[in-house]
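Pasting a structure here, questions to come.
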Amino acid sequence: AKSEDDDADSGDSTSASEGDAGQVVSSPGAGAETCVIGDYGAEKLDLKTATVGFSQSEKEANPFRIAETASIKAEAGKRGVKLLTANAQSQFSKQISDVQDLIAKGADLLVIAPLNSDGWEPVLRQAKAKHIPIVTIDRKINAAACKDYVSFIGSDFVEQGRRAADRMIEATGGKGELAILLGAAGNNVTTDRTKGFQEQLKKKAPDLKVVFKQTGEFAREKGQQVTEQLIQSKPGIDGIYAENDEMGLGAVGALKGAGKKAGDVKIVTIDGTKNAVRGIVDGWIDGVIESNPRFGPLAFQTLDTFTKGGKVAQDIVIKDSAYTKDNAKSDLGKAY
Amino acid sequence: MTIDTPSPVRPVDKVTEGEPLGASRSERLSAFAQQHGALVTLVLAVLAAWLSFDTFMTVDNTQNMAVSSAFLAVVALGMTFVIITGGIDLSVGSLFALGGVLAAWGSQYGTAVALLLPLAVCGLIGFVNGLLIARSRLAPFIVTLAAMLGARGILLAVTDEGSKTYLVDKDSFFATLGQGKVLGIGAPVWITVGLFVAGAVVLRRSRFGQYVYAVGGNEDAAALMGAPVARTKTAVYTLSGLCAGLAGALNAAWLVSGVTILGSGMELEAISAVVIGGTLLSGGFGFISGSLVGVLLLKVIQNVINQIGSLDSAYQQVVSGGFLAVVVIAQTWLGRRRRVL
Amino acid sequence: MLSVRGLSKTFPGVHALDGVDFTAHAGEVHALIGENGAGKSTLIKVLTGVYRPDPAATPGTGVITYDGSEVEFTTPLAAQHAGISTIYQEVNLVPLMSVARNLFLGREPRGRLGLIDFRRMHREAEQALRDLGVRVDVRRPLRELGVGAQQMVALARAVAVDARVVIMDEPTSSLEPREVATLFGVIRMLRARGVAVIYVSHRLDELYEVCDTVTVLRDGTSVHSGPIAELDRLRLVSLMLGREVGDVRDEGLTNFSGNHDTEAQPILEAQELTVHHQLRGVSLAIRPGEVVGLGGLLGSGRSETAKAIAGALPPDSGRVVVAGAAVRTGSTPAAIRAGVSLLPEDRKAEGIVPGLSVRENIALAALPGLSRFGLVDEARIDRVVDTFMKRLRIKASGPHQRVGELSGGNQQKVLLARWLAMNPKVLLLDEPTRGIDVGAKAEVQKLIDELADDGLGVLLISSDVEELIEGSDRVVVLKDGAVVEELTGDAVTEDRLLRAIAAAPATTADPRTRGGDDD
Amino acid sequence: MTDLSLGGRTRVDRDRLLHLLQNYGVHLGVAVLLLVNIAITPHFLSAENFRTQAVQVAPVLVVALGMALAIGSEGVDLSVGSVMALSTSLLSLYLGYGMWIALLIAVLGGVAVGVTNGALVAFIGVQPIVATLALMVAGRGLAQVLLPQLKDVRDPTMASLGSGDLLGVPYLVLIAVALALLVAFVVRRTTFGRQLLAIGDSRPAAKLAGLPVRRVLILVYVCSGALAAIAGVLATARLTASDPTSLGNLMELSAITAVVVGGTPLSGGRVRVGGTVAGAVLIQLLTATLIKHDLPPSWTQIAQAVVIILAVYAARERGRR
């Protein structure tokens, strides 16, 4: 096979490791609650000889998941830890079975990227019976930290929504009509990113009205289709908030197709993929709030500290950066 | 051996029950394989997995598999009735999710509400499906497809567009229906086994069961023979809705929450399980136990993929698709062999 | 007992019944006769709640009176509960279910907890069938039985309940003489019990044998009703056809002429055809211009022979040679290309394509010949269809009516037309006149004669012994899947045929010796 | 042959009306939706808007055409969505050789899936729904193995295929219309079309009538696969990206809905191409209406359910009693 890129020199082929921006903890847990192994009821062990099970929620088919899994695998390799993996293919029941399978296969420690925040009871009970420490990444589990699981590492989705709102207010000048491209219905991420965005708008820019809220199911094609309908029925729309980059890029496609010019409609998205950051450089996108997927180092660091008996924070919220016109060009390499 | 295309109208010879008295040995052998092909495959798969992975045949692992199969199995139970009448029910996945959400919401008012509410709502949707199919003579595929969308819509409506998850009190009796253990075996497993026994008795030994087979075997003839065709059809779709709702409720008890993102693709899983179990999609032939075996087989395959562990998510799909193809080809082939012999 | 007055039934575009009057009394056998499409089956279906009658135009008409009171059956079940049991025209049972389950569907004996008592059910089913001279393993799927045996199961089902009216729509069309005799025994017994029997058949002999009264339908209206003894055959036929007695006499009742030239080289030779459990080395030859009859009991393998020759049943061994060249066995297209066409026995399931129009059905097999570069030539199809619809007197509202809506006899004519449009060398006719009225039957017979005269080889399978004898130049007799005798020339007589068939004790549908039924 | 005496006039009129409703219910539905939209939706009556709807419906329609053939043969093809994904993967993988070659390979991929489906159905005798279910699962996996993640398509010809037009009519729409006409022609005027209907109506009868049942069935699934692959190409061109993960998700259901809502019975033996077009348009207009009025997803799903039921209810075969 010969794809377009085989002879074109494209930036896409740059590997994930180049300019890798590891995660930075935003709130180095001074006052935050912490957890030690004794509280959790597990035994100390040496991470080097342990088996770590990693349950991924979605197929490694979008940049975020690819980077996330790759980062976990790379870190495990670097530390020489035995890693078991499973992928739930976006089916929640499968993820529950997956984690149970990982436990049955002898995982001593678990890193879970949950598909959903609720419904983890069977897994948590089993893990507790075997005193297996669990670290959840990128999404939280609705359960008691340091009791049902050790800690959560990830972004604050509500905060991401708020920051997206800030960017939008800045880009539009705090006035006008907005559309939201929602993520998949019933998904915590969707709920939180919407909540934060709308809260912030209400607080800071009551003149920015959300007049359109439709799901683009986190997919580019859906984002494009919905935006096409939007610009037919509301030609005067001022801004579009897309809850992930893919839908934002779909929106860009729709705007281009409708003959709009870059900057006519302000677009703010969340994630920080290369394509979206390039969109800023091209002038179509006005801001990308980062959601950093490179959980490997931090997750293993946490497990290491914890299993050695050290204190780890229950909520390790990472500091997501943001891409704007000012830093997009220079930080393009940091995007995934 | 000469190969011949079997006709869809009058499928391959099937022995409806019991041992074919006068059949030759090879005929009997392939009749057995036809009926129990899935069971044979299951046994082989389990043996192979047992030999290959020492973490397969552990108490933990088998427990896990049993409990997590239970919910799909209950859905497949209802689906078996529907498919034997020659129909299909695509709404079960949505009803499963809806049942879970309603049960979780209802659990705040006690176990009775937690069970009865999903049964009532899902049963009602199944009943409406049945009416549209049996009385208005609409195609089952399309009616239940619409129900699948509609039930998902209702789910979104009662959960504030999916943003609200209702939780079940961990210490309630309802939760023990999902979490409890009897003799070391999870409650959902017992419930499932009980339902399957009841289902098998109803299908084989009750008059209603005879009607189910008759309607699937030849609807017009069944009507002329005085079978209550419309009532039978309505009943099986209601039953399927009830099963899906109950499975959802049990699942909610197990997960102690009404997870909103469940059930997509479940209808296809259930249909695959039923078909792998030897039930003919064209109706008139099939059995309950086969569906249970089909569910277990799907579960074992998934477990084996996880046991291998390193399979890329994309390859996993290729493997399961390929596996499904192999099973149905083998089954069709066995069925035909018996006929040509 | 059961009567209707001014009953009408309209289907979209067809007036199937138009003010029918009909009365059946207890303890009488009432014949219901008429041409194909006269409305007999429709009347029966209206009587038994399958169809609803049209709302009455004038009060007092269009009602069904049963046992002295007005009734309206909304389902067949309601009619059954009221004591009317029916054998519908097409064998209507559930092929995948066992014989016993078919027999008892809806009235299974139940034991404790309301569960079905299978042991008792099987015992009773076996007994009921044995009473009718049928011995089968009642646990096996019904579909493994031949059409005739299935018909007997339907009969057993109908008489097993304590019915007060028993309706039979062409029950004998797939029965052998022996079974017909059994059936008549049953009918007489029912009459003696005071049951009203309504009996539909195209076989006039039978009517005179068992019936007391007759009602003649023509074009959806009742044209005559009265004791059958008062009518002679000719009068009966002329009533059915609506023609004068004189015209009918000219045409006669069977329409086969004399013999054909039988000297030529065979156009078709079947050599040692063997199909596991079904055929044991069947050989036969058909010469151009010859009608070869295939005789034998129910289940002797006649249909299988025809199917094996036509490529619809792959033989384990044996050859089929047409015009000197071997034909690939097991392939219908190959056989058809070689000029061998089969008119199948099971018209409903294997013959017609019910949803397509008369026109499409006639043109179906000949399509490749009626098209150029894969595009169909509509004008040519119209011509062909027109020709055959006229020639076979196919009664339909037009070439675009769906075949599924036609009466059984007309469906058969459409099938004949389909094959005649192919200009075949050899026609294999499996029960070509089953369920066809006298008028059409005579025409079909005449047609067979003409075709043979034109040099076509014909294989004729018929359960109507008279037809077989008169129609065939030669009769090959099968028994248990093997040829036992061949009657030629003067030996083709009813007596010789029956003797050949009866040479050894005949068992009906013994499951042990049979493989799979036609697919 | 018209010797049928007709009953009262009113009855006939009512029959005729029912008949019309049965045959043209979808068209009526489309008309109603158009009128409603014109009345209540701002900016609805604009060329731009119709263009958008037409362009969005084009891929669904193309898939639905193939599906109509499969359904007409008493089958169904669940693998169409995965074939779209496979097609987009192949397209992206071979775009280096130029668009036409890549397009050819993408379509060949669809044909290959079709041959497999057809062989499973025709030779092995697997039920269509299961056979194509297996390929539905495996096909998407394969697409992702070939192209693990979304990839942009920068080929200018592809871009112009996706957004260009001829005399104001987008290429996508032209292609979809041309394919619809082609399929209609095939169904009406070719032996293949007639044989396909006969097989769909009664397979045993078709077999005994000597029709090349297997060949026709394989061809049916090949057509369906090829059309789905073309739809995949069209969708890729429009998105200017290959996204094997989400492209064509649930497409099989949309396509079946369009076909059935358009009046083609699932029991086979009949194919209504015009109805299929109207069915696809009906669903498109419905979604557009709901989106334009910014109704929440719960509404959207329930409304779709109701409209589907209404449409098939109107078109149903009326009682035989």
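Per-chain residue numbering starts at 1, and chain names A, B, C and D are given in the order in which the chains are listed.
Throughout what follows, a residue touches a chain if its C-beta (ideal position, glycine included) is under 8 Å from a C-beta of that chain, and two chains touch if they have at least 3 such contacts.
What you see is a predicted model; the values in this text were computed from it and never measured.
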| item | value |
| --- | --- |
| Other chains in touch with both subunit C and subunit D | B |
| Of all other chains, the one whose Cα centre sits farthest from subunit C | A |
| Pair of chains joined by the greatest number of C-beta pairs in contact | B-D |
| Centroid distance [mean C-alpha coordinates] between subunit B and subunit A, Å | 35 |
| Where subunit A and subunit C are represented by their mean Cα positions, the distance between them in whole Å | 72 |
| Inter-chain centre distance, subunit B versus subunit C - centres from mean C-alpha coordinates, in Å | 42 |
| Centre-of-Cα separation between subunit D and subunit B, whole angstrom | 29 |
| Where subunit B touches two or more other chains, by residue | 6-7, 9-10, 155-156, 161-162, 312-314, 316-317 |
| Touching two or more other chains - residue numbers and ranges from subunit D | 144, 148, 202, 204, 207, 296-297 |
| Contacts with two or more other chains, residues of subunit A listed in rising order | 59-61, 185 |
| Chain-to-chain touches, reported pairwise for every pair that qualifies | A-B, A-D, B-C, B-D, C-D |
| Residues of subunit A defined as touching subunit B within the complex | 56, 59-61, 84-87, 89, 91-94, 96-98, 100-106, 115-122, 125-126, 142, 184-187, 190-191, 194 |
| Contacting residues of subunit D [partner subunit B, same complex] | 74, 76, 120, 122-127, 129-131, 133-142, 144-145, 148, 202-204, 207, 213-214, 253, 256-257, 260-261, 265-267, 296-306, 308-309, 312-313, 316-317, 319 |
| Complex interface listing, subunit B residues touching subunit D | 3, 5-10, 88, 132, 136-139, 141-143, 145-147, 149-150, 152-157, 161-162, 268, 271-272, 275, 280-282, 312-322, 324-325, 328-329, 332-333, 336 |
| Subunit D - residues contacting subunit A, complex | 41-44, 46, 48-49, 52, 55-56, 92-97, 144, 148-155, 163, 235, 238-241, 243-247, 249, 288, 291-294, 296-297 |
| List of subunit B residues in touch with subunit A within their complex | 55, 58, 60-61, 64-65, 67-68, 71, 155-156, 159, 161-163, 165, 167, 170, 178-179, 251, 254-262, 264-265, 299, 302-303, 306-307, 309-310, 312-314, 316-317 |
